Structures are given as C-alpha cells and as structure tokens.
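What follows is a set of structures to go through.
What follows is chain A paired twice: with chain B in the first complex and chain C in the second.
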Partner chain A sequence: MHAWKALSVAALAFAIGVGSANAKQEDITLELVEPLADYKIYVAENTKQLVKDTTAFVAAIKDGDVEKAKSLFGPTRTSYEKIEPIAELFSDLDVSIDARADDYEKAEQDPDFTGFHKIEYVLWEKDTTDGLDEIADKLLADVTDLDKRINDLTFPPEKVVGGAAVLMEEVAATKISGEEDRYSHTDLWDFDANFAGSKKIFILVKPLIVEDDPEFVAKVEENFGDVDETLAKYKTDDGFVSYEELTDEDRTVLSARVNTLAEDLSTLRGKLGLD
Partner chain B sequence: MTEPAPSHSMRFAVAGAALLAIAGGAAFYFASQANQGSKQEAGDFYEVTVTAKACEPNALTVPAGKRSFRILNSSDRPVEWEILDGVMVVEERENIAPGFKSTMTARLVPGEYEITCGLLSNPRGTLTVTPSEEAETASGPSLRALLGPLSEYKVYVALQSAEMVAGAEALAAAIDEGDLEKAQALYVPARLPYKRLEQLAYRFADLENAIDPVADYLEKREADAAFTGYHRIEYGLFQEQSLEGLAPVADKLVADVTTLKDRLRSMKPSTAMLTDSGATIAEQLAHGRIEAGENRYAHTDLDDIAANVEGIRKTTDVLKPVLEPHAPQVAAEIDAALQQVTAELDALKTQDGFVSYDEVDAKTREKLSQSFQSLAAALQKLTDAIQVSS
Partner chain C sequence: MREEKPMKKSQQATPQDETVSANRRQVLLGGIGLAAGTALAPGQAFAKSTEEEAGQGQVAEAPIAGKTVKQRVPFHGEHQAGIVTPRPANGIVASFNVIADDPEDLEALFRELTARIAFLTQGGEVPELNPKLPPADSGILGPVIEPDKLTVTVSLGASLFDKRPWLRELKPKQLIRMAEFPNDALDSEICHGDLALQLCANLQDTCIHALRDIMKNMPEYLVLHWMQEGNVPVVQASAGGEHGTARNFLGFHDGSANPNSTDAKEMDRIVWVTEDNGEPDWAMGGSYQAVRIIRNFVERWDRTPLGEQELIFGRKKDSGAPLDGGKTEFAVPDYAKDPDGKKTPLDSHIRLANPRTAKSQKNLILRRPFNYSNGFTKSGQLDQGLLFIVYQADLMEGFLAVQSRLNGEPLEEYIKPIGGGYFFVLPGARDRDDYLGRTLIEAIRSEPSQQAAEGL
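Now for the complex of A and B:
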C-alpha cells in the first residue's frame, strides 16, 4: 500500500471521528501539524525576544546600573517562562539559565549557582552589580545558544501538547508559594508568562477538540479567564506589583484555578492520541 | 561532605507545602497523581528511590518500548527525576515532594541514557535500554512519528514564504525608487526563497505561470503580454538595463507571491509533501533545466539550483530521524547523492557567489544533470521507505 493511501485512510478515520461522541481517543491526526508548526514559530519568536531582552539586561548589569537591571529582570524572564516546556528540554541550559539556589549543595554560596536567579540574588540581596559581569556574559551566551538549539529542534509533539499542563503543574507545585523569584518578588511576571504559554498551546489545539468536547473547552477557558481577571488586578503601567502584595484571597483563587487547569490540561495528550 | 544546609530551601519547601495544603485543590492534585499510578499492576513499574545522595538503583536496564517508572523521593527536599539522552531530556518528572512517589512513562528506544538523581552535584545514574521484540514489530514509522518532521517542514515553508514576500517587496521598492543598481543586487535574493519552495509551489500552475514563465514558452517571447514575474524583471534589469515598465510587473509579483504564501499555508499536510516533492524537482533539473538554463539574462542559474538543493535537503533533514531506523540504506544513498551535487556546485563557486552560468560548459552541465538524476532516483525511494504503519 502506498503511503498516501494509508494517509487518506487515516484522514477518513479522522473525518468520521470528528463530531461523533465515541471517537477513538487514540486517533492520531495530521491536523496536529498546523498547531505544532504554529507553536514552533511562537517559541522561536520568544527565544528571539529573549536574546534581545537579555542583551539589554546584561548591558545594564555591566554598566553597573542596579536600578535599571532590577527593572529589566521581570520582563526579560517572561519570554523564557512562556516557552519553558521546550526550553527545559535542554537540561544543561535549563540548569545554567534558571536553576534555583536550592538545587545546589551550598545554595546561594555555591560557586556553580549561575543564571537569572544568581543575578536576582545579587541585585536584590546585595544591591549591587559587582561581580556579576562574568555571570551576565554567560547568561547571554546561554540564551543565544538556546535560541539556536530551539531553531534546530524538531519539537516532540507530546512535549508540546503536554506542555500546557506542565506549565500549570510547575506553578502549582513550586511557584505559587513565591519561591521562584524569592529575592525580587517578581513572581507575577512569571505567572503571567506561564499562563500565556499554557493558554497558547490550548488555543492552538482547541479546534481539534472543541467539537468532541465543548464542555471541556468551556471549562478550561473559564478557568483561564478567572486567572486573567485575578492577575489584571495587580497590573501596573509597566508590569506587575510585588508578589508580596497579592492578597490571601487572590492567592487562594489562583491556586485553585491553577490546580484545576493542571488537572484538566493533563488530559490533552490523551484527547489528541499522544499518550 | 556536610549535609546541605536546611536554610532557605527547606523553609520554602515547608512554606510551599503549607500553601499547597491551604489550596484544597492541591492535595487532590497530588492524590490524583498517585491514583493514576495505582491503576496499573505494581509489577509494571521500575522502582527508583532518590536519596539525598544518589538514585537507588543507580543503574537500570529496561527493554525498549513504553516503560513506566515509579520514583520515590526519600531525600528531604523536592527533587526532579530525568532521563537524559546527552543533554536532551527524554522524559522528566519534576517537583516530587519529600516522601512522595511519582510515576512517569516514557517511550524508549535502545541506547545508553543517564538519569538525574536530586541535587545537581549528585552523581548521575545510568539507564540502559535494550532492543525488544515489542519495539521492533512495528514495520514502518507511525503517523505519530511523522508529526514532528511535517511540523518542522511547515515552519520552514512559513519562514521561506515570508522571506519570499519580503524579497519581492524590497525588489519592487528599489524599482519604484528608480535605483537600477540596487534592483539588480536584489534580484537573486528575492528569487531564492521561491526556488527553495519550488518543489511545492510548482503545483499551483496558475501562479507558476504568472511568477516564473520563461520567454521561450511564450508565443511572442519577451514581447509577449504573458511574459511576467521574475524573468520579466530579470530581462529588464540585466538585458535592457532599464527599469522602464517594470514597476507594475514588480507589484504584480508581490501580489502573486503573497497569494502563493497563503496557498502554501493552507496546503493540507501530507507525508507526500516530504516524500515526493524533492524527487520531482530533482527530475525537472536533470531533464533539461540544467542543460538549458533559465536565467537567460542574469546567468544566475547556479544560485537557483543551489536554492533548489536547500529545499530538497530540508525535507530529507526533517525525515532523517524517521528514515534512518527504517531504511538506513535509502538514507545513506540520499546523503551520498546530495553530497555529490553539493560538491559539484561548490566547485563552481567564486569568492562572492557562483560563476556566471554562460561560463559553465556543456560537459559540466551534463555531469551535473546526471548527478541530479541519481539524486532523483535516490529520493524516489522515499515514498516506499516511509510506509506509514497503522
């Protein structure tokens, strides 16, 4: 049998599957190609932005401009946080760019502690840029390398679709507590980016599931809507207020929504035959 | 070695856990994670314990295929557990809280992998995946395996399409400005993205006739009203050395390549996009085009041919991970044929590009044609090699 025949059979299976209540969940469809390609373009745009923003951030550090460097820390990270499910596929760069002090034996004092959070620690806890030149250069080299590697990477479909839930799981498990940006309290920037990255994946695959599962889609959209509304309260002209200003009530709302989203979005892979 | 200081990290872990507990959903979340695991037979899992210093066991051997692991965090801080292939994460489970278990399933192909075990400074363990009957029974690549390559190609098409439109716009702008020299310099860069996409673009006959007709095929040749597109502009820029009458042609070209971009975007993805299109364009080159040449006035055919090769190479590059395990000989044959045409083209390079095509003699053209024929023959094996298994 020629390949195209096999494909037209698959396409037919898909055509039948759509709209029927008992569609086989394991059906794989080439309809996924479009959202996967669009997602790669989204990620590539973000890594390009990350290189650009990191360049400015590093320049501020090397100029010794503490205030400017502080003001650029939150926004610079957003393009990394949006695409974390793909960025963290490169374990070496994920460590050197975004590891937290807890990952090291000697925590903040560990000589291997580098990247965004090391810079964050020195800027906020020491209120200086002294001694950061080398670490800043390394960060720029690492994000540049990341940009290149991502461009060369064929994205694994299950990582893309699974990424929507992964982002929410990470927020739920280790971010809602405020431990990610513990020195700068810029966590709301990260959250906003994590939600945007998760929502992007959901929106891209939505056309493939909405007919079979309108209730699921409506529920997820409602939860994303609640999150947007909650975060909107803390927006300022140029970003977000300190995470310390988040009320307990809103923290509970965010926490509940993020857990529901993590749980619901974790079914996406199965719905699209990618488990 | 001293124990890691339970300073910041533990405080945050405890604070984190407390906050999670407050948010009622969190406990449910962890519970549901654990439940997912217990649905399967206990024996289906490979058990791994992450201690403060290492994984136990620190060396695992499993047969290829879909494998499940259950990871117990027996250290006093949250850990992640990853399977690494070089620096690439194959699969990972993050944020396993102290005392908690988490399960993870990965599709594994035979090979040697590393596993991470808690702190970054802890020694890594090893995972050996051995060949298994179960993993070998699938004869062809699955449709799933083609999703990645097709998406990657779709991205390439989108980027080249954008470049094609931008190139045509820049060329049109230079013509509008009345800058002949600039327009001449922009002609080749404007055309190359089209040539990279030609293996798909040629299917849209109406657009091809507007974008890329050669005068020889038209009744009144250069004087024919249907002489439009790239070659009409080439004729003005390099033969007549004049911009006269080119502005509307350039504007039409911008409109046509924009339509082409939209059509390429809405093209339904199919494996044929990757398996058939390269062979078709290699055939066209081998059968006449290389011999005759197309750029009668600018003599920039070698740039065109090199761009065609880039387009072909993109399809074979994205297919490589699917092709190599199933048809290694076909992969090797295509590689060799691509290397041959590339070497012959490289031999015709000058310091700032390629030699003018009117300086390429018949014998060299014939040799190059033959090499493209071999490339076409190798590429034609792709369709059979990539038999999608259900």
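Now for the complex of A and C:
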C-alpha cells in the first residue's frame, strides 16, 4: 500500500504542499484544496449510496427475487462507476467487486470470478439467484469495506484530477463495445455514471483554468453537452434502454466524444501543474 | 504435362543430380527422396554472406535501417501520392466513421488531415511540450520523424455521402457500397466506412506512427471502423534494375501484368478520373479505390500439386512466366494461339482477369496489394491472405467487370473475400495553400440548396 493512503484528510494541504517542487505548484495545490474537499464529499456520498443500494440488491438476491434483482443491477452500479478512479485505487476490492469474466483464464467458469458481473452472469444467463448467496454477501462486505477505506483515504490531487480522463479511458476501452455489461446490456447506466463522475471533477477544477484557457473549457463542455444529448435519447422513466438499442450512428458519435474528451482531459493535470 | 513440370524444375536446379526418371522412382519409393536428394545442406550456399552481414553487437541494439528512411515522396500534386508511387514494403488500410454534421466540420476535418499528412510524409522534428502534459507525439520513431517513403492516401466511402443530405448530390457516380460476390463471405465489422486512409512506407512502424498520430490529433472527426495491416516480401535488387513483382502468400508473383504506372498518359486513361468519365467536376484527378481483404487458405494451397497451382493461376510459380512460353513474368501470353486453353486454361486466374482482347482493354486496373498475416483461426489454421487494393478511373469497367469475370474461377476454392470496401480517392492538394477535399467543399458551397440553407 502506498504511503499516501495512510495520510489523514487533515494532512491533505500540508502533504501536497511538501510534494511541490516550486512556489507556483504550491499555489495551485493550495487552490486545489477546496475542489478536492468537495470531491471527497462527492465520493463519500456515492460510497454511502453504494452500500445502501447494494444492501437492497443483495436482499433481492437472497429473497430469490430474480426480476427485482435484475431491475436493481444497473442503478446499483452507478455510484461505483461515478467514482471508479478512486475506487480503483484499492485494487483488491476493485477486482472482487467489478472484475469481468475475461479477467480470468476460465472466464465465467473460473472459481475466482465474483462480484457484480458474476451476479449479472447468473441472473441473465441462468435466470436464477440460486447459488448466489455467498457471492452476494461478499459483494456487500466488499462495498462496505470500500466505503470505510475511502473515508480514511487522503485523496492524491493528481489521481483526482487525472480521474476525469481515466473515466473516459474506461468508456473508450471497454464500455463503448458493450462488453462491460455483456449479459444485462445495462451499459448505458455505466456510461452515464462514468460521464457524470468525469464531469464532476472537471466542474470542480474549472474555475482554476477557465481564465487561462477559455477555449479548452468551452470545447470540453461542448463535448459533455453532446454526450448528454445523445444519452438523453435513450433514457426511460427509471433509467436507460438496453445497450443493444443504441444505433451505430449514436455509437460513433459517443465514441468520437469520448475519445476527444479522453484526449482533452488528459491535459488537465498538466494544465494545473500537477505531476 | 502436369507431372513433368516439377521434375524439370528440380533437374534445372541441380543439373548434376539424378535423371528425371530416377527422381520419379524416388518419389514413388520414398516420397521425401526428391527433396533430400536436391536440397542444399543448411546454410551451404549462403553461409558466407549471412555471417558477414549479421555482424556483431548487443542483442538489444536497434536493427539498422537502410538509407531508405530518407526517401521522401512529395505530398503536393495534381493527384494524391500512394497510387502510382512505387509500392513500399509495408502498408495499412484504415477505415473510419466520420463525424461531420455540416460542411464546416468536413472542411475542418480535411484541413486538419491535410496538415497531419503533410507533416508526417515530409518528416521533421516533433514539437516539445511541457513535460507535465502528454507528449505531442507517440515517440515511437524518436524525436525526429524520417519520411521513410510514407504516403497517406485519403478516400471517401459511399456512406459519407449517403448519410448527409448536403453531400448526397455530389457523390461520384459509380461510388457504391460494396456488394457481395458469389464467393464472398463479408463480415460487416471489416467492411465499408466513410473515409479510408491507405498508409504505405518502407517500415511498418512508420505506418503505425502515422496512423496513431492522425487518430490522436483528430478524435472529434474520425472513429476507427476497421483496419488491416499488410506487407510484401522484399527482394534483392537485380543487376538489370528490373527485379519483378512481389509474391503473394500463395507464392505467386502478383501484379505482373499491371499497366505501366510511370506512363502518365496511360494512368490518365486507366487510373485518374478525367473529363471523359462523366464524374462531378470536383472529382477530377481522383480515382476509384477498391479494397478487398481476401483470406487465403494457405495450408490447403500448400497441399495442392504444383502443376495444378500453376494451371489455376495460368503462370509458372518460380518465374511467373505465362504457361504458353516466355522466361519471365513480363512475357505476354498469346491467347489467340491458344483458343481452347490447352496451354493456359480458359478459367485460369490471369486469363479470366485479363483476356487481352481489344474489348478487355477498357477493364485494365492498377493493382497495388499487400499480403496480410493475422495470426490464426479457431481451427488452428493460419489466418493469412491478400489486402487487395486496386485503382481505376471507372469502377464498373474496372474492378467490378474484372471480378465478375472471375466469379466461379477454380482459385475460389482457396480464397475467401471477407472484407474491404469501395472508396473514391480525393484529388491531390496542389500546393501549401491547398487542402485535400477543397474541390468537394467548394462544390458543396456552390450547390443551390446549400446556398439557400446558408442564406446566400
């Protein structure tokens, strides 16, 4: 485990100040204290929500209510997907919560395959909750552990700011193909959450760059706007339609916006003078 | 006749060896006797040269490039480069979906693409950025980009026009979505596209670098739809200067009967769209490009008797010479003297593709293919084939007519077209003030409907 994970929240400003090489960077890290504190609240709210939603999801599974469990799968994941760059800092939990079948040599049949996607596989492919009790209990224990660990975590500024781009990389690499939620096709829920999480970070640091680089800010906002507009077409009363209903044209538009956002947001750390 | 050929060949290779009949007996008796009797011991003939050239050094030292990295193909001109440019050893075709909602977007796309290609093909230093930012360049060629004979050829697919009302009227007349021929098994994931790039260079890394550069710099306009890498075997220069065409993965010379790509008049007739073609004005100087990803069943082919392989192609495998005589691949077969196909079967590949009649003159096309190797299939067979690329001023009279004649040819048993598409190559960018696609953009702006839309 990295040393910074042991630092307390109170030490945040001090810790990032010490790491700075020059006065200018110290200025920017001081300016980042408030956005980082706000972001920490955002993450805490989401992990709290994740525990709450997972509790209901797990209860449905243990009640043997397949339809209810299916209906809760997409929405439950959103609070995880919004904060994925931070959640992923705990790689042990990320693996047990969110690994996909192809992360394992024996794919779906691998005994180590667990978490959300194992449950998704059994719910959709086997249409049952049989045999899921233990895996559901483990998922709840893992997200509860994640909630606790994240609350104890000092957020490294470069991880937070870099997270805006990381979320777009996630979408570009595995979401746009529909391979993330391959059994349930609830990918648009994940998409929406990833964009929301990325936009949150961008909006928090925007005041620090808008004066120096208004064109950049305008371009990023326009791309987020296009994504919102495209996703809005697929919204339903309680979420999103199946990913299979996404047209090739809209998938191309989303791809282009995601790749452009990934390129642009990859400069965010540098623009803020972070390493 | 079929049986005699391979025997003669082996006799030529080692004249001191046994007689034809002795060889035949060995084949019958032992099977491998022929090979063992005629083959050189490993390294026997080449030992000296390989040792001298391999040299000494550390294992991790980079392989040394030849002087060819300095070769620069001019970017500006009436036509785009990469068509009558002599084909280098490596190539990629990449097909993209285009994001362009209006003529302004499309113009911005063309201008940016032109700027990237002009830089990449001419070479130069990569800009240095603040190290806190991602670097401007992938860095895979180092801080200075050598031109390495790179060409990047831009072409447009029918879908680009069909999907946009403001472009529809300007589509080249023969530009269509590739349709399936009887032997095709097209996979939609590797077919069609709005815009294609053909990248060619001496080294594949140069092509890959250029592709990554363009994708990194233009994500808002271009989304990759499919791509296929390819290469052709390099050969040693011959004393006479003319060293022949490269071989495909079936082991045959490919491109032997190509029209003369250094003859500008012939290229104007066969390759470049001119006023004679009845195409929109903006398309003058462009060309139709047909790309086909054609899988070769190489294991099966390699288990086919040599004589049969030669009859299927209509050429000798070793020399490339036509079956009715001649010593080299450039000898011209005389089909008039062989009307029944006794020497060159009527359904052989070269005879169907180019019957060399007065009428078939208008079906001539300029082939510029690469071989591809994509690993292997689920059955454990090699996934190899031909990245077939062909240029012509008239798609109907060109590739479509030729392929229609080839339908049902015996070669089909060994090949399967699975992907590709038809595209229209933009005219060239004439000078530094010009950009690829300018004539199309200007044509959009002068369309009456467009002027109305813009309130002109």
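Basically, the second predicted complex is superposed on the first by the 246 of 275 C-alpha atoms of A that agree within 3 Å, B and C clash if a C-alpha of one lies under 4 Å from a C-alpha of the other, contacts with A are read in each partner's own complex, and residues count from 1 in each chain.
The rule is simple: a residue touches a chain if its C-beta (ideal position, glycine included) is under 8 Å from a C-beta of that chain, and two chains touch if they have at least 3 such contacts.
Note that the structure is a prediction, hence the values are computed from the model and not measured.
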item: Touching partner for A:Thr252 - first (chain B), second (chain C), both, neither; value: both
item: Contacts of A:Ala37 with chain B and chain C, given as first, second, both or neither; value: first
item: First (chain B), second (chain C), both or neither touched by A:Ala218; value: neither
item: Touched partner set for A:Ala141, first chain B, second chain C, both or neither; value: neither
item: Of chain C and chain B, partner touching more chain A residues; value: B
item: Touched partner set for A:Ala101, first chain B, second chain C, both or neither; value: first
item: Partner chain(s) touched by A:Val210 [first = chain B, second = chain C, both, neither]; value: neither
item: Touched partner set for A:Thr267, first chain B, second chain C, both or neither; value: second
item: Doubly contacted chain A residues - partners chain C and chain B; value: 252, 255-256, 259-260, 262-263, 273-274
item: Residue ranges of chain C in contact with chain A within the complex; value: 97, 99, 130, 132-134, 163, 216, 219-223
item: Partner chain B, residues of chain A touching it in the complex; value: 1-4, 6-7, 9-10, 28, 30, 32-34, 36-37, 40-41, 44, 88-93, 95, 99, 101-108, 112, 154-157, 166, 169-170, 172-174, 176-179, 182, 251-252, 255-256, 259-260, 262-263, 273-274
item: Chain B residues touching chain A - in the complex, by the definition given at the top; value: 1, 4-5, 7-9, 12-13, 15-16, 19-20, 22-26, 28-29, 32, 77-78, 82, 84, 87-89, 92, 94-95, 97, 116, 119-121, 142-144, 146-152, 154-155, 158-159, 268-272, 275, 318, 321, 383, 386-388, 390
item: Interface residues, chain A side, partner chain C - complex; value: 223, 249, 252-253, 255-257, 259-260, 262-263, 266-267, 269-271, 273-275
